[in-house]
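In the two assemblies presented below, chain A is common to both, partnered first by chain B and then by chain C.
Up next is the complex of A and B:
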């Protein structure tokens, strides 16, 4: 691939000026004439209860109150806030068993913070004061917080169509014996010389995006439902709301506001149904609904927690013969995303190593926890924590170097990818491992740390991962883009792709500039208006640059083709004989024959007739490029992290000293954006493995739905970090690019756990690995090496 | 559950200490004092309700931090944590307090929160408060009848409850001048760097002729209030601080504390690491105050 003009450059990001100066308009900032304010009345006393009485009369009398709404005052149609069901065919939806089981307001509380009723008032204060006057009586029901509890035969059933509270298991029709598998696992284990096995726990991690849920809705005088939201998925939310309120899509408009972080928390609907229901109760008046942080915590999805059992077998020479695994996740109160993560957790497992055989069971059980859904990595961090620790235990028993073993046995080009039957088409993991090992001094440190004494021990550990760029072929991948060339030879991209802060609008603009041959400054990217933009799945699965970029590239190629065809007519040359430089199209080998792009675009719009000849001057018609793009593959990103830690054996405290992340990114369209993704991912990965977990008391009352007692890594907790970008162009990605949105989070999880194993010779089976757990494990073992 | 909306209250803006005292006499427990406000404003969004908030913003003479080698340190009611960090005298003479201020909350909160507010909060997790308990000193209180000083050893009654009467304004905290050979230090453990303490320790040791003459040893998050460890102090006093003595202290510490399980840690863990923390904070004090 030759030199690029815009691709690969650290151009100014489209979003940063507004964000750092405070100019960016988030939904909470939007003010409208006549605006009303909503407040949802939630149940914070129980995690599982029947509503036996709801008295709104006192609330209705409060000053400033416009309406009070109970369950029967809004649509009672059930819905599924997730959009996963819209990414598969109707047939497949039936096979997966996706169901609609949510109500806008409920009379059966299934988790702490479930919605009972709402107030609409003239101010936020008035709405909240009135909400305090709502009287609700409850009949308490037994609380099931784990799969182990809710699967008991005498447990109360969450949904009649999901017996045993088993919301989802891999369906027999697509996955024989309800497992994702190849080979004969039981037989393969007979060949194993070494078997490692354990049951792990992976925590309920929260995205902790900066912006809590903020929405406005207006049911206007044309009968259109307008919703201002920072959703990651405007076009699917448009369709979901259309379905829920039984409106055609032309009567539902999503105005996407600046997204203050997503990480999966805004994948699908969150409080859009509630806000729109409120707005429909007061036609003509905009209604704003703002969540507190504590409320956002329990109403938006988290990562899937649960028990994760795994067993691996190896031959003496290191050959991985079998892997058997079962992930039972604590799904939460509603079905949302029950199928997705239960499958992908096994897909990432299957996509990593060349086991002779593999068998993975993924099951989602209803519990009285808040809902689980998408979170950066979508099952991959859970698998990384378990799989990579067991690989290192196997390596320790085999006496082999963990990096050498991984280089020998990871899957690569031609092997089945995370989706069986779709082989990997590019992989530079070996180079990632070599360069990371070199950068951190792997070999010397592994040797040195074998001989430690004293109370402070150091360790170094590695983990690898495979991921994806878009969810093809499991889920629909499709983005529509059009590019309009203005008369002054600048261009506007029109599409629905979301920028959650990951930099995608910048990189999409770079792809457009490079493809058109225009300067970066000449491109504007127009998003956020669902009336104008064509279809896009939305931001998930590290897809926006790969699929959205593919659409942008194809649309811009279409526009560029039209420019060249017109230039060919004007210059009376064949298209093949033309080239563009500085927005002038030249004839090869004839320096005096050329036409500027601006002449073509101007004549296309301002097309006049020559008064003397009566002929048109130039070629008429404004040029618009268009693409309705379906990617051919999923360009798998691979990556590794090597972590170095220090463990204080007197206190159990773990300090992360250094991380080296080396990722096969295909092509870094904007290296700063890529590094930003890896840095941010590592921060969340370290949090998952060391400090972060949402938890409940026995009654299901959430104990830490705020930053007071949910602890993320802050700037001063972060270690020294080096990012190595391995650019091995993917044959299908735009300019060779792969997705990097999620990859950075994954391997710091396993690498940190393995570094602790290397330091003290103990594996901690439950994440987060807190000092309390480390110290107890050290005491139980009695001796640390 | 928190709220986005604060309780209604009257904000009172007195311009002298006398006016503050007058307002307190009138409103008693139906008034809260606003200095830094970092605890109060959050409480007002939860379930704490008072009708009057008395701001000290316009009251002169309360923002002074003064050190006199003869008289010691006086910390006025509006002195912030950041003011402590800016003071070379505090760093030199009272390392425990300076170290507590250094790790206290976040830069934004340090610029706003006051030292005296931390003492009045009467939390067993107060960092600057713990340093003050180790250093010793008293709270200067004033009401319409006059002034009194309450020794810090007698100031905290129980969780969130102090010896201050409803009509008293806490004017200042006074620390005696450092004795010859006085060394002090503060140390804590947290879940992440920017966090409340899950267990903390501070010491002030008067060293002379290679032995410890007097000792004040204090711990946080091991009981309903910050506590002193008299048994550990007794081991230290008159002793050369040898590895054997430190081992004895590690073993003795757990018997002097009564921690609970809470969201920041467990009783079991606190009992296990308390002695280690005390051992380390003593080492830190002897090592040039640990200001490095």
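Up next is the complex of A and C:
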């Protein structure tokens, strides 16, 4: 394009050299003098039980043990590990009905792996040995694994303030009749010629980030609580810990370590409260807490599983008249962010198609599964699995091409987005669909696969999605950034935006370089220190480049303005008459009048005064740009996936042959980073639709909390994959960019399900679509196509 | 528990240490010797984050190997791959192809690639994918890793790496 110097280029990622050499320090890699080790004693015998006895005496006698801690040895203050309550105004918290219902250690076990007590010892081995000596007795309670079970009138109540075990439903005050709705759905259905309806199930998928939860905490000699963690949300976790331990924010410091993958698993607190509680029991000594993989699985949040019912009505000409839906999710043992996903699952639904009317109920029910929280897509993959299959069923009944129907009826610029009242301001979904269809040979394959015989059938399917760049206006999107210009005309960005590996520190640095007009190499990005950085809402909702980038751009514009003002004084010209090239500020039309940026930045610190006369010879003061940035919009990205599959109707096995992903990304600040997000998202989306689910037995004992028993797509399972980046600049994004972190996961879910439908003429209603389910569905129908 | 006095050469440097029988090579490297570039991802040999090279280019999982069985052996970790200030061609290829995201699998993935290319210097795409099956990456969908391995393989042809 040539319009940008740094933006749009595949520059070298800021973190990559440290990562290929293994020099990058993750929390588990940090060693300190006098380090102690914690081990949490967890209940792996029951998913629901009262602790009737806890005997720590034998454990306390073990070699190397420093302290043993039961529920009463730490704060009993209840908390909510989610940070959603820090993202909305205080009034909104009340409206949502969010509650604090977690304890550091509990005497009421509510899920497999709930925490009972802890050991602090001089080595990990010593702590583990002592943990085995802890004696706990339990009174077993009935186990409720589903919403259907826990909502029964005779079920035990998880929380008195949440009757019926209904942790959350859309609040009446903001959502009349507890639904997200427009129009009159019941009346609209009267206009429908075709109605499609079914109840689906979406699975408890796990993020499986490669770095298991690892933490260090130190209550130091200044009475400050220091925590080393790879959280996605350093500033919110700082505030959360301050609240929990009743300390001012100045006495809580988050040292963010390199994040070994997040995908939502670190959106909020995980074991920071436990680690900090341990550290406060041994002031002056750092305490390290390392989760095993199996432990991390059941203590960090998963995707929300549940039953998802949906009904859609269409007129004969294809007009979508009504959509009615209800998602009842199996929330898990604690409230965490019961409100968030229950709402957004419907928001993505509402944001996609031009139904005359829509009604969505979202409800979260307590269950004795491990907690659910954020996972890349945040309700969108669930909606994609259900909505996109029903759209294709409707298209089949209408006899229309699924791509043509989607092009005609998807929402676009000017229509209400996922948040009613906030219309879309950019949308290139048609181009995405056209280019993806062309790339995979949609029309020919659709035609070809109509006429198949034999036991192995091929199919091709499409799905689309809308997502978001930050959660404005539902959440208070906000990033503070400052940029300091050094004497030698290099610059340091200081902010709390997280890079979970997606490359956001690289792209933020590109935005800074482009805005300042400096080379990429002249920018350093300083993050990870909650003492130094101002507020940032944290890495969520595909917002880091869009909102964090907006903050960086504004701060750099501020610094650049100051540079130009000083240059104007030095050159005795107006700012409007200046331009910068290669870090030299010139006067337009006067080639001999210029000043280098370095002269200005050096003058400001070292050379603003004649040492002999004391006379001012330059403009004093170090230039610092600052922004406390609130985005004007949520710049929703759109995207599509077309999937081609092969179904073996004798074994039920589904093989994904090819995916084409075409995404409206606004502007690819770093094309390699964007492709990486789409590639990785697809691996997780394919896993959700075909292989990934955390299972429990009927007692609530987790059956597959390990990589051995939980099947993710491996290198040989991945299909041929093509990514098409459609660059249609968003008017509000930094250099036109929109968020892309989550989008890649979403449409492979619906597209793969629809490709199976196309192959065998049957829709599989439960994800993951395992061979057993395919065979059962074929058997029930008695025929294919 | 019985203890064993062993000598491990790690990245060319010799270390004497005493390990109990149940000490894994992963723990000995990370906790006894400070080679934290070798990662714990699962502890059960499923993810490959703890991959190291033994006596040249044989890869194995540090979490499944007892340190006591490694007496006298030479171990290479990701931190020991650079020569004269230059990264290994496989490391450079991972950088060039954006094959690194969170980086937690990367040291193991790089070492596994070196082992794979030593066995088969001109692997097909399918052979690369098969060869990487024991190393899990949750970020990249493997696309760019496969590209990086292919490119590293062709560049290393004839260089003696």
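Throughout what follows, the second predicted complex is superposed on the first by the 778 of 785 C-alpha atoms of A that agree within 3 Å, B and C clash if a C-alpha of one lies under 4 Å from a C-alpha of the other, contacts with A are read in each partner's own complex, and residues count from 1 in each chain.
Here is the rule we use: a residue touches a chain if its C-beta (ideal position, glycine included) is under 8 Å from a C-beta of that chain, and two chains touch if they have at least 3 such contacts.
A quick note: this is a predicted structure, and the numbers were derived from the prediction, not measured.
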Q: Considering only touches as defined above, state whether A:714 meets chain B (first), chain C (second), both or neither.
A: both
Q) Between chain B (first) and chain C (second), which does A:209 come into contact with in this model arrangement: first, second, both, or neither? A) second
**Q.** Residue contacts with chain A in the superposition, chain B compared against chain C
**A.** C
Q: Kindly classify A:650 by the partners it touches after superposition: chain B alone (first), chain C alone (second), both, or neither?
A: first
Q: Considering only touches as defined above, state whether A:292 meets chain B (first), chain C (second), both or neither.
A: both
Q) Touching A:691 in the superposition: chain B (first), chain C (second), both, neither? A) first
Q | Partner chain in contact with A:706 - chain B first, chain C second, else both or neither | A | both
Q. Just chain B (first), just chain C (second), both, or neither: which does A:191 touch?
A. neither
Q) Which partner does A:676 contact after superposing on A: first (chain B), second (chain C), both, neither? A) second
**Q.** Doubly contacted chain A residues - partners chain C and chain B
**A.** 124, 290, 292-293, 706, 708, 712-714, 716
Q | Of chain A, residues touching chain B in the complex | A | 44, 124-125, 128-129, 290, 292-295, 650-653, 691, 703-704, 706, 708-709, 711-714, 716-717, 770-772, 775-776, 779
**Q.** Residues of chain B touching chain A in the complex
**A.** 1-5, 189, 191-196, 263-266, 268-269, 272-273, 276-277
Q. Chain A touches which residues of chain C in the complex?
A. 30-31, 34-44, 46-47, 49, 77-79, 81-82, 87, 91, 94-95, 98, 100-107, 110, 126, 128-130, 132-133, 136-146
Q.
Can you tell me which positions in chain A touch chain C when the two form their complex?
A. 10, 12-13, 15-26, 28-29, 31, 124, 207-212, 258-263, 290, 292-293, 500-503, 672-673, 675-676, 679-684, 706-708, 712-716, 718, 721
